[in-house]
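Same chain, two partners: chain A is paired with chain B first, then with chain C.
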Partner chain A sequence: MSTLKVELLYERSNAEKEGYTLPYTEIEEDYVMDTIPKQWQRDKIGLPSVTETEVARHFYNLALLNYGVENGMYPLGSCTMKYNPKMNEEIASLNGFQKVHPLQMDDTLAGNLFLMYDLEDMLCAINGMDAFTLAPAAGAHGEYVGMSIIRAYFKDRGESNTRTKILIPESAHGTNPASAISAGFSVVEIKSTKTGEVDMDSLKANLTPEVAGIMLTNPNTAGMFEKNIKEIADLLHRNGSLLYYDGANLNAIIGYARPGDMGFDVVHLNLHKTFSTPHGGGGPGSGPVGVKERLIPYLPNPRVILNEVNKHNEEVEDRLIRKDDFKKSIGRIRLTDSSFGVLVKTYAYLLTLGENNIKNVAVNSVLNANYVRVMLKDDLKCYIDGICMHECVLSAKPLEKYGITALDIAKRLMDYGYHPPTNYFPLIIPEALMIEPTETESKEDLDKFIETMKIIVQEAKDNPKLLKDAPTKTPIRRTNDVKAAKDLNVAWK
Partner chain B sequence: MRFIPNTLEDREKMFQKIGVSTVEELFSCIPEEFVLKEPPCIGEEMPEANVMEYLAGLSEQNVTFSDATSFIGEIAWHHYVPSIVRATMSLPSFYTAYTPYQPELSQGTLEAVYEFQSYMASITGMDASNASLYDGASAAAEAMIMLCVGKKKLKAAISSLLHPYVKEVLYTYAGPRKISIVEIRSSEGSLDEENLDENLDSDVGCVIVQSPNAFGIIEDMENIQRISQEKKVSTVAVVLEPTSLGILKPPGDYGFDVVCGEAQSFGMYPQFGGPGLGFICVTKKLIRKIPGRIVGRTEDIDGNDCFVMTLRAREQDIRRDKATSNICTNNALCALQATVYLSTIGEKGLRELAKRNINHANFAFNELNDVQGINIPYKKPFFNEFLVTFDKPIEEIQKALMDKNILISKNDFGRYYPFLKNACVLCFTEMVSKEDILNLKEALKEALQ
Partner chain C sequence: MSDIRIDVLYTKNDEWVKVENDIATIGITDYAQSHLGDIVFVEPCEEGQEIKKNDVLTTVESVKSAADIYSPISGVVTEFNASIDEEADIMNKEPFDGGWICKMKITNPDDLKDLLSPDQYRAAKVD
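Right, the complex of A and B next:
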């Protein structure tokens, strides 16, 4: 990797330089002075002026300072950093998908509406749900929408004042409680067992008539399957409450089992995790939400549906419309209908996989995680005994006596050319290193990773300074985060 | 399967190490009753060439801007996107990277976000920007929550001339947060200042106005800010077409507290609406309350200049149920597109582009103004779009224009504003020519006969 020498484009700006010329026009009149009051006009915008060559070089060199999935293994637990197939981007960039406006008449959008309709069907089949909204812009947006659907359901039943609480295990992702609050609920934290599963006694003790639902990740954030899921679902349903599935870990079971069959009433997916669309350095994501039949009326507006009026048309494409006035709907949740570009990539991915390969995603992701676990469990500590699912949690606790933490291991891995695993999560495991290889890693690459981890553990014992000083081979070294927050500098002046 | 490298032989070796002998054993923690007996019905696998062919065929079923001329704006804009934008965002280490939690491996993303924040703060006239939000409407909702819930003043005064979709999203988000919304009336196509003054009291957490507004008209931001400031109410400017800020004085210069909205115009085609790019910019005073991620400049332990995600204690992964917002993944790659776009067109380019949009729209305004059957109800300064009403049912007009390969919005504004009938907003960017506009005029004349 290159080393960093910060230079912003501002620093090479010169008013004479230009990187763009406007298209031709035959409209030569200048209306600006006559139509826009002078006092409403600005003098300076504050953008740099550089040439296209300089822009290209600047960003290419910045890209060299980054680490992506092509650089090497990216075993970030809970993030599912699988390979992003190249064809997906090419397809999403087709003229026919790029140069269409969301406010065109429905009969000029047959291709897009069909894609959404068919993708919704596929996601229903994969998850065992009855309908999906493809609107949510990311996982947390999906959680907010799912929670709002639950709220609307109880409101419709006249229970909105009494169903006020959402149960969330202490091992859950931080977005879960934040989303439940966004949707107007209060949060009751329930205890987790040492394997991150729901503590049944804590669940029963908190299962009051005020409980609207429970948010669960399954497999849970420690990578273990919630064995009591049937009992949990029965308990909640008997209490009149609903089950919400956080799809962050769907990769472990995709094609093998379905959240809908386990009793979940609402699920959200992360297309940028399980369905191979790129993370892009932090989005755009897409977080479709699936529901069981009784919750369909509450899905956000608009929805793509078959038009009853011309239902006798032969082609499905000619019968699809967007309906945006469902009375019981939670309403509109974003400016446009969906992050359509992300949906195109997901659709292309699912067509490529097909029904006969989809299970292999789950099988190989679980196989890879368990292989890493057994190969490293004697070097680090495995608090959770037994077979895990698509990710394994190891602990750096045994290295405490050498003064070494999970963070030190993570940073040293960078020197060996790896992106580190998630660390200090889940919170229930001390010095956690959470490793999710995904199905797109090979045994050869896992063996190299395992060997590197063993070398680092040995280094921790023989020469802990190597880890404490790490990384040294990256463009920069460990950062001063206190200074960043204290001497806040978030824009160039 | 071309994305799954383990061979059957690999699998056997790995099974041995793990101590299992079958896939079923590996998945034994899943109760038998939940194991799928048949694969989910999604069709047979397809080779790449066939997926390409099939999806290209599907995309060709849409009527695109290449097949017809679009005069649609409102929530998404057709501007030219220079090739360098896609070329840069497709660089794998930008494209596939995770959120930059590990700054040692993410200086590329972090520096680009810092440049994005710098550009957006300058363009809006504010002190700071975050790293992006989902889109323009959810950005307005986040601003409302930040100011109303944050200050425990659970009333939001919103302009009735926010785009109807932005309004709907605000209502969706306000309900669960127990925020009550009061709509400020319009008068002659812009915000009714008297009605604004009457509705501001000490319970109001913020005023939210859009400029250019839903009818395309530029609001008098100076007066709106003055009236609100007198009542000590915070102000939010929503900008859905930020190209306008290439020429218009930014809301920050008038003293607005928050400027937020949609920046799809900066380097993205409308793409059927998404992903776009939400943004939120604030004054120094609000910076520690802003939702989402922020990148700051700092040093590494060797004293080298570098960037990190900062003010992390606001965020959901740390604060959980006390977080200021639940936002996590945002629209970073779209922010990169905007950064490359703005770097390329630069100071002069954005200004010229804004002027060009004003010129095209005014040319169209003058051409359409004297057509029998078209009324332009409000004649106030506008940027690149304006409202028209027709003397005939709008469905007939839409259909007649489509027959001439002309696209106008499906939104009849009569549906949202009872004082309008057969109304629609027409948009004119640098991508429509003089000939396109004259064709529109002829087609409308014919349709209205």
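Right, the complex of A and C next:
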């Protein structure tokens, strides 16, 4: 990582410099000024005056400050920051995929519609669902769409006034309650056990006739498999309620266990996380939502379907259309049909791995997380005994007596060239450091990370100041979290 | 070890309740503030609002997380502490004094029977 401080373009700006020349025009200035209404005219537009060289250097140097999985390990728990094959980027940028417009006529998009149609089939097979919408733009959008589908289902059954509550475990991702509330439900928090699993007593106590559904992540946010899932599903279904699967942790079970078989009625996936699209840079993402048969009528419009009218055409590609008038649908959820580039990468990734190799994603991500857990559990503390799934939660609690917190360890890791793991999540573990190595780290790289963690734990005991002062090798040192939360000001002047 | 006052009652969710006649003052304990970390925002409670025991009284946001605070008793909010609205960190500095959250008129005195004594709370907090 570069420690270079990059000046803002505004700091370099100097009115005497002119970094551009406008082409010759026959249109006279007076004409322009007469044409544009007074209130839209400006003397100054406030752009920096810099040369092209300065602009190029500015952005190049900013790019050097970036840290991604190509720089080194990025064990950010609950985020699956794995390496994404470059080949899939190459494929997604082929002209036929990249240079089409979503508003083109269906018969000019046959190949791309087939990709969507076939991908929907694959996602159904992987998740044990009956249909998917590929439209949602990211995970939380998928959650909102899934919740809206559940609401539409109960409205259709005349139960919209009585099915008003969604159960959510206290260990859930924060987006879950936000999505449920945005879709018009109220949220009832379910207690978690010490291993982050659903507390069955708390679930039973809150399972009233008003419950529309439950939102669960499996493996849960503590990286543990929800062993009671079958019983939970039976309880909910007997109550007339639905189960929603947050696909954030699908990486751990892909190819081995299917949410549909566990009893989930609605799932959302994060294609940009599990299926080969780099993320964390602001998008685009893709959060397809899968449903069981009884919820298909409520999927958003449009859907890519086989046009039954055109039966004389033999090729599937020639019979695919985007149908946008399903009567019970929750409607259109975004302007374009999907984040198509992300779908292309997912499709290429799945075709490359195939049914058998996709299992290695789960195997290696779980193996790697357990290797890190076992190697570090005596240096830090592991509140949850037993085998974890694709991520492990360690606690910095044993270092409390040296005045060291999880945050200090996270910051010190940056000095050693690592992206810090997730800290203070899940909330049920004190001083949590949540490490998700992913399947794309080699044993050698895991060993280096483990050794670094051991060095840092030793430093915490011998010279805690090293941790308190960290990070020292970044252009900006320890940020003031309180000021950032209360008094955030990102304007230059 | 975190501070445990002897003149207030507690919940196992780390709230304290101080009872004076029919008015209860509610706050979070020293243990709670130290686990939340630097507190940056508290959702103001509305005066006159009727709250049932175990309903969400307010949400406290720290640099680490946002935590719902559940009402230890049923009652009607009579006053929200304006100083934590301005400077939320007073809850870190003086959790039992200047950092109180709100005052409530107690509507069901039986609720008080479910609260923990200082000794019971101390016993519950042994790690």
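Basically, the second predicted complex is superposed on the first by the 427 of 493 C-alpha atoms of A that agree within 3 Å, B and C clash if a C-alpha of one lies under 4 Å from a C-alpha of the other, contacts with A are read in each partner's own complex, and residues count from 1 in each chain.
Rule of thumb we're sticking to: contacts are C-beta pairs under 8 Å (C-beta built on N, C-alpha and C of every residue); 3 or more make two chains touch, one makes a residue touch a chain.
Treat the numbers as computed from the prediction; the structure is a model and nothing was measured.
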Discussion item. Let me test your reading of the model: by the given contact rule, A:Pro430 touches which partner, first (chain B), second (chain C), both or neither?
Written reply: second
Practice prompt. Have a look at where A:Ala257 lands relative to chain B and chain C in the superposition and call it first, second, both or neither.
Written response: first
Discussion item. Just to be sure I read the superposition right, which of the two partners does A:Asp481 touch: chain B = first, chain C = second, or both, or neither?
Written reply: both
Discussion item. Quick one: is A:Cys382 in contact with chain B, with chain C, with both, or with neither? Answer first, second, both or neither.
Written reply: neither
Discussion item. Which partner chains sit in contact with A:Leu243 here, chain B, chain C, both or neither? Use first/second/both/neither.
Written reply: neither
Worksheet item: Now for A:Ala131: first (chain B), second (chain C), both, or neither, which partner does it touch?
Response: neither
Discussion item. Is A:Ile27 touching anything from chain B or chain C once the two structures are fitted on A? First, second, both or neither.
Written reply: first
Fill in: On chain A, the residue positions that both chain B and chain C contact, one per complex
174, 481, 484-485
Response to the item:
Per the touch rule, the chain A residues reaching chain C in their complex are 174, 189, 424-425, 427, 430, 481-482, 484-486
Practice prompt. Mind listing the chain C positions that touch chain A in their complex?
Written response: 35, 37-38, 40-41, 61, 63-68, 88-89
